[in-house]
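Pasting the structures here.
Shared between the two complexes below is subunit A, which has subunit B as its partner in the first and subunit C in the second.
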Partner chain A sequence: MPSHQPMGRRARGKVPVAYLVPGFLVLAAFAAYPMFVLVRMSLSDVGPSNIVGDWPFVGLRNFADVLGTGEVWQSIWRTAFIAFFLLASNLIIGFMAASVLAIKGKLPTIVLGIMVFVWALPPLVSGSLWKFLLNDSGAINGILEAVGLPPAAWLSEPDLALWSVAAVIAWASLPFSILIIRGGLLAIPIDVLEAAEIDGASYWQSRFQIVLPLLRPTLWILGILTVLYAFKSFDFIYVLTRGGPGTVTSTLPVKSYNDAFSDFAMSTGATVAVVSMLFVVLLAIPYLRSLRKEVIE
Partner chain B sequence: MRNRNKILTAAAVGAVFTLALGGCTNSENGSTSSGESGSTSNGDVTTLTFWSYYTAGSQAEWLAAQVKKFETDNPDIKIDVIETVGDQQDQKLLASVATGRGPDLFINNIVVDFPTLAAAGVFADLTPYWEKFADADEFPEASVWKDGDTVYNLLPYTNLLGMYYNLDILGEYGITEPPATLEELQADMEVVTADGKYKGLALSGAPSVEGAWLFAPQLLGEGINYCNFDGPKVGEAFNRLDSWASDGFIPKAAATWDQNASWQQFMTGKYAFAFNGNWQLGGLEDVAFKYGTAQYPKPEDGFSQVYPGGEGYGIGSQSEHPDLAWKFLEQAILTPEAADAIFTATGSIPTRADATDSAALQGDFVKPFVTAASDPGSWPKNENTAKMQNALGTEVSSVISGQKTGDEGAQAAIKNIADAAAGGGC
Partner chain C sequence: MIDRKTHRLFSVLAVLLGLIYLLPLLWIVLTSLKSNSEILQNPNALIFVPTFDTYAEVIGSGVGAVMTSLKIGVIVTLAVLVIGVPAAFALARRINPVWGRVIAAGLAVLLILQMVPQPMTVIPLYSVLAGWGLLGTLPGLILADIAMLLPFAIMLLRPFALAIPSALYEASELDGASTFQSFRMITVPMLSNGILTVTTVIFITVWGEFVFAINFLPEGTVLPIAGLLAQQNTTYAANWNSLMALAVLTALPLLILFFFAQKRLINGLSLGAVK
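Entry: the complex of A and B
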């Protein structure tokens, strides 16, 4: 005997699927298809002469070539260095700054306003500003000389350039971290903190022993987002050093760009981009799990 | 269907690199996103698009004046100059072939991208136009760029490297003649930098084609070019560069300077010497010190030779009005008047024989560059020429910054240039 489901319920059952269609189409057009082309390019021999035309399939040869040279491993290491630098900056400084700013008052409001401004600045603008400040004869060296310290070649000394670039990227990403952590702090029930205070906990004791454990899910997600940000950081490095001096600031995205668009080695650039993407995918898995866990909770 | 696939592929390639690079910005110079490709007709007026990365300064003003004059003389043709970003011009041109939305006219960095763009089918064939061009004999062979026997790209003016020197500084240390050899230059730099008051040499050591272009003459003068890049002379040149950097004649910051940044440093009056191009001559009017120019110093037992540079002019392979585009080139770019105007405006040296004889090009400051233009080095005709030049530039930057020693830089340059050139010929 056929079931006679009411029309309204059947229609309602199909609605959510219909809602997914536009999103699915946009995702397919702007993410899935380009990624498919990228992967296809990384498995083919593509140069300027055949960018329009047939792409001979070469299997994993490009990956063997790229991963067989020390160059890409150095780029991976540099990218990882920036990721660790950002993690330290965003989580440690971010937590401390958010703790200070999680109080009511005019000053925190002004500081937060400035941070949002910094965060919203286009990297091209803030990067150019930092390039000017970090120049040999820039303001930072001027200050150092004024207090009797020797100037430094911030962007051209091989041992210093990657630190300088990482510091600028950290400066730009810190406001976002502070805002996220501050949001997490404000969501903690005040009763818990008051109880700790009554029990004799100092301000920083309650921060580290009560607040920090409660913030763990927020910090975990922020940490993953920070590493993802590090793996896609391109604009600041492009403006500040273009991967130089030599190759000391050539991270995975910069190498991918230079291979594809400066050397016109399209397949090599695509292969480096795929390698970079694999790292991002590996990091995205725990991020998605965390999000799902939060939704369930 | 095939066209649609090409468009989808090109769009996808662009999108995916954008995604992978996390939002690489191209808003630097505000290239337009619509109406920038192909020609259009509106009644009796045909509009041709011209992709130019001359976005400001004397070169842009010169081009604007040429366009204005052409439009006045040809009221039925409008030239729509679309400002592009120099670094991204090649990407745009390559993508335009796939999307079918290329320009009618464009300029390109001919010495870096010609083999690449020719292989990709970006250029229209200029051979029939060139064969009928009445003034073709005025242009030397080196200004007509061919792939096989097919003319694709024209170089109506050229830019070459030379040496600028600060006469005030040299006078202060009793140096009366500019150095003619690299050894003399080194000796002079030792003198002027000894008391720490001045610095030696401002040059671009960027890890790119610019760093390569500035360093390559030290090897060209020994007979070494991209096609025979090997041997002890390469090591000697890199070790010389290493010693200049470690002795403080060149600042470490030069490892990231492009040519404009290094020129700004020379303009501060703190540097005794600078390697730079003739296009800087146009900006020397307000300089606060006395200066002079000379040819790029030669190696002790070698000769002074530099690679020629300059903008190539081409017609897009997809232009619907190649005849009108050629008309623009013929009347606005390749004339003796245009040649005089580009030299007056920017200091670029026209390649027309009748223009190089003009009195203006016999001036003291420009003469070393004109002399250099008479015997320039030859670029490799290799699809990977950009990769070869970038490989050299990267090692130059590495050595100046101290990331590598001279020997390490030389070995890496030899290997990477050979790898890049493999299979591509010269």
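Entry: the complex of A and C
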């Protein structure tokens, strides 16, 4: 302990190391060690026959192979497309919807309840639901026909599939961003808004000139979480299209899974996974910084 | 602050928003009550004779799957709490600068682990579990689930633990309490809100988990309900009513859980996620 501590105030308790040990052991064995194995796999030649056994070391050959073909770059672009789509919907629609749901009364509580329930549903369930709604003779095409518009092959038309998948993921993740933005809105002191009103600001003026700047830290974190969510967007695509038709909805996580478990090219899958991990870690840096500030305080 | 016209517009928009989320849910329930021939003839009919035949058909495999899901869900949730609550306690105690550095490092590791997408852990875990003889066993699946959810649980619990005033700990130490006594008498009771939030979120996540389940369980075992749904998704491509009945069956327990936990979930998540 530093000597400048006032006398009489002894060291504040023992360091609770023992409380971290069980968590440390489980995570070391089943989370950190597998990450090490993943990297080793990407540097070796592993197929279905030698998954248990010797892995011949091949250096960076897998990376050269994977990055040398156009496929992985297309997957990177698709992942980026989903990330941008989600950013637009989670931040812009999320902010508008959170403002709408900030009105008084029972109505917003009920709507928010329904939305959060949908968000809490397993992606598998909501994914199956949309697979049904979007199929060729599904309800969405039924509605289009009823109003006289031509039906579309939402999930099997190559030009459309990625948009449909992105829209379903946006539908499923919007409730969470509304929840977060609404939390930020409710934390804004009411007298700040009242002062603006007295100064003659209209509702929309105070929205854009006062509320939005105050929400900046919240929106910043939500933005990072949203981009990360795009890298995790596996379940929905697995249920809706499995990466197809062809490979048009094969984002990075879908590609690495399909490489490893459909084509049994474990090394290729691991290499794609390591490439996407690099993106994830890059995104983690600003998030880690904000966290460190909090700890140092 | 909002004039009457805007308020009316916002009410209409709120109702629309609610419908965008409610109508698809009603649609699966409606579809699950249709007969096979009805689906083939007229999949979008609004008027039809409801039948529970599909449920009778699905329930045979469904009950076993629900039991498997319950077993996995309860064990994983309990284990995550037993390991996660002490860890969150330790990572929220500011004792000295050295420990502060341990906390910062621990949080950084947890954060990165929490960000790793699941389809990327499934590849190396497959080989790790195979090497340790745990592939194709329930304990293997449970350990993988625990390791996946633990970082998230600790990060969600920590803000709740931070909110406990350190003066309480100092007072109990002056009274001669050991660290374990403080943990048991102060931390655990004061964390009850956080623990309930985490219990709900973890249980819901495990209930919907299918990627580990379809890869780590041996063929021929009773899959958990989410695994069953994932499997039927390919086999029953045209049997929409069975698929929807199974989806309803998967969602139903969550609806019940949600009714009891809704308020806590909404408040707890906005606290844990932003901090």
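Just so we're on the same page, the second predicted complex is superposed on the first by the 268 of 297 C-alpha atoms of A that agree within 3 Å, B and C clash if a C-alpha of one lies under 4 Å from a C-alpha of the other, contacts with A are read in each partner's own complex, and residues count from 1 in each chain.
One rule holds for everything that comes next: contacts are C-beta pairs under 8 Å (C-beta built on N, C-alpha and C of every residue); 3 or more make two chains touch, one makes a residue touch a chain.
This one's a predicted model, so the numbers in the text were calculated from it and none came from an experiment.
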| item | value |
| --- | --- |
| First, second, both or neither for A:A284, with subunit B first and subunit C second | second |
| Partner chain(s) touched by A:D199 [first = subunit B, second = subunit C, both, neither] | neither |
| Broader residue contact with subunit A after superposition on the shared chain, subunit B or subunit C | C |
| Partner chain(s) touched by A:W171 [first = subunit B, second = subunit C, both, neither] | second |
| First (subunit B), second (subunit C), both or neither touched by A:S49 | first |
| Partner chain in contact with A:F117 - subunit B first, subunit C second, else both or neither | second |
| Partner chain(s) touched by A:D235 [first = subunit B, second = subunit C, both, neither] | both |
| Touched partner set for A:T247, first subunit B, second subunit C, both or neither | first |
| Which superposed partner A:A260 touches (first subunit B, second subunit C, both, neither) | both |
| Subunit B versus subunit C as contact partner of A:L155, first or second or both or neither | first |
| Subunit A positions touched by subunit B in one structure and by subunit C in the second | 30-31, 33-35, 37-38, 41, 51-52, 122-124, 135, 231-232, 234-235, 238, 253, 256-257, 260-261, 266, 269-270, 273, 276-277 |
| Residue ranges of subunit C in contact with subunit A within the complex | 1-3, 6-7, 10-11, 13-15, 17-18, 20-22, 24-25, 27-28, 31, 43-44, 82-84, 86-87, 89-91, 93, 95-100, 102-104, 106-109, 111-113, 115-128, 130-131, 143-144, 146-148, 150-151, 154, 166, 169-170, 173, 179, 182-183, 204, 207-211, 215, 226, 229-230, 233, 240, 243-244, 247, 250-251, 254-255, 258, 262, 265-266, 269-271, 273-275 |
| Residues of subunit B touching subunit A in the complex | 6, 8-13, 15-17, 19-25, 27-28, 87-88, 90-91, 94, 97-98, 116-117, 119-121, 205-208, 251-256, 383-384, 386-387, 390, 394-395, 397-404, 420 |
| Residues of subunit A that touch subunit C when the two form their complex | 1-2, 11-17, 19-20, 22-23, 26-27, 29-35, 37-38, 41, 46, 51-52, 97, 99-101, 103, 105, 107-108, 110-118, 120-126, 128-133, 135, 137-139, 142, 171, 175-176, 179-180, 182-184, 193-194, 197, 203, 218, 221, 225, 228, 231-232, 234-235, 238-239, 253-254, 256-257, 260-261, 266, 269-270, 273, 276-277, 280-281, 283-284, 287-288, 291-292, 294-296 |
| Subunit A to subunit B touching residues, read off their complex | 30-31, 33-38, 41, 47-49, 51-52, 122-124, 135-136, 153, 155-158, 161, 229, 231-235, 238, 241-248, 253, 256-258, 260-266, 269-270, 273, 276-277 |
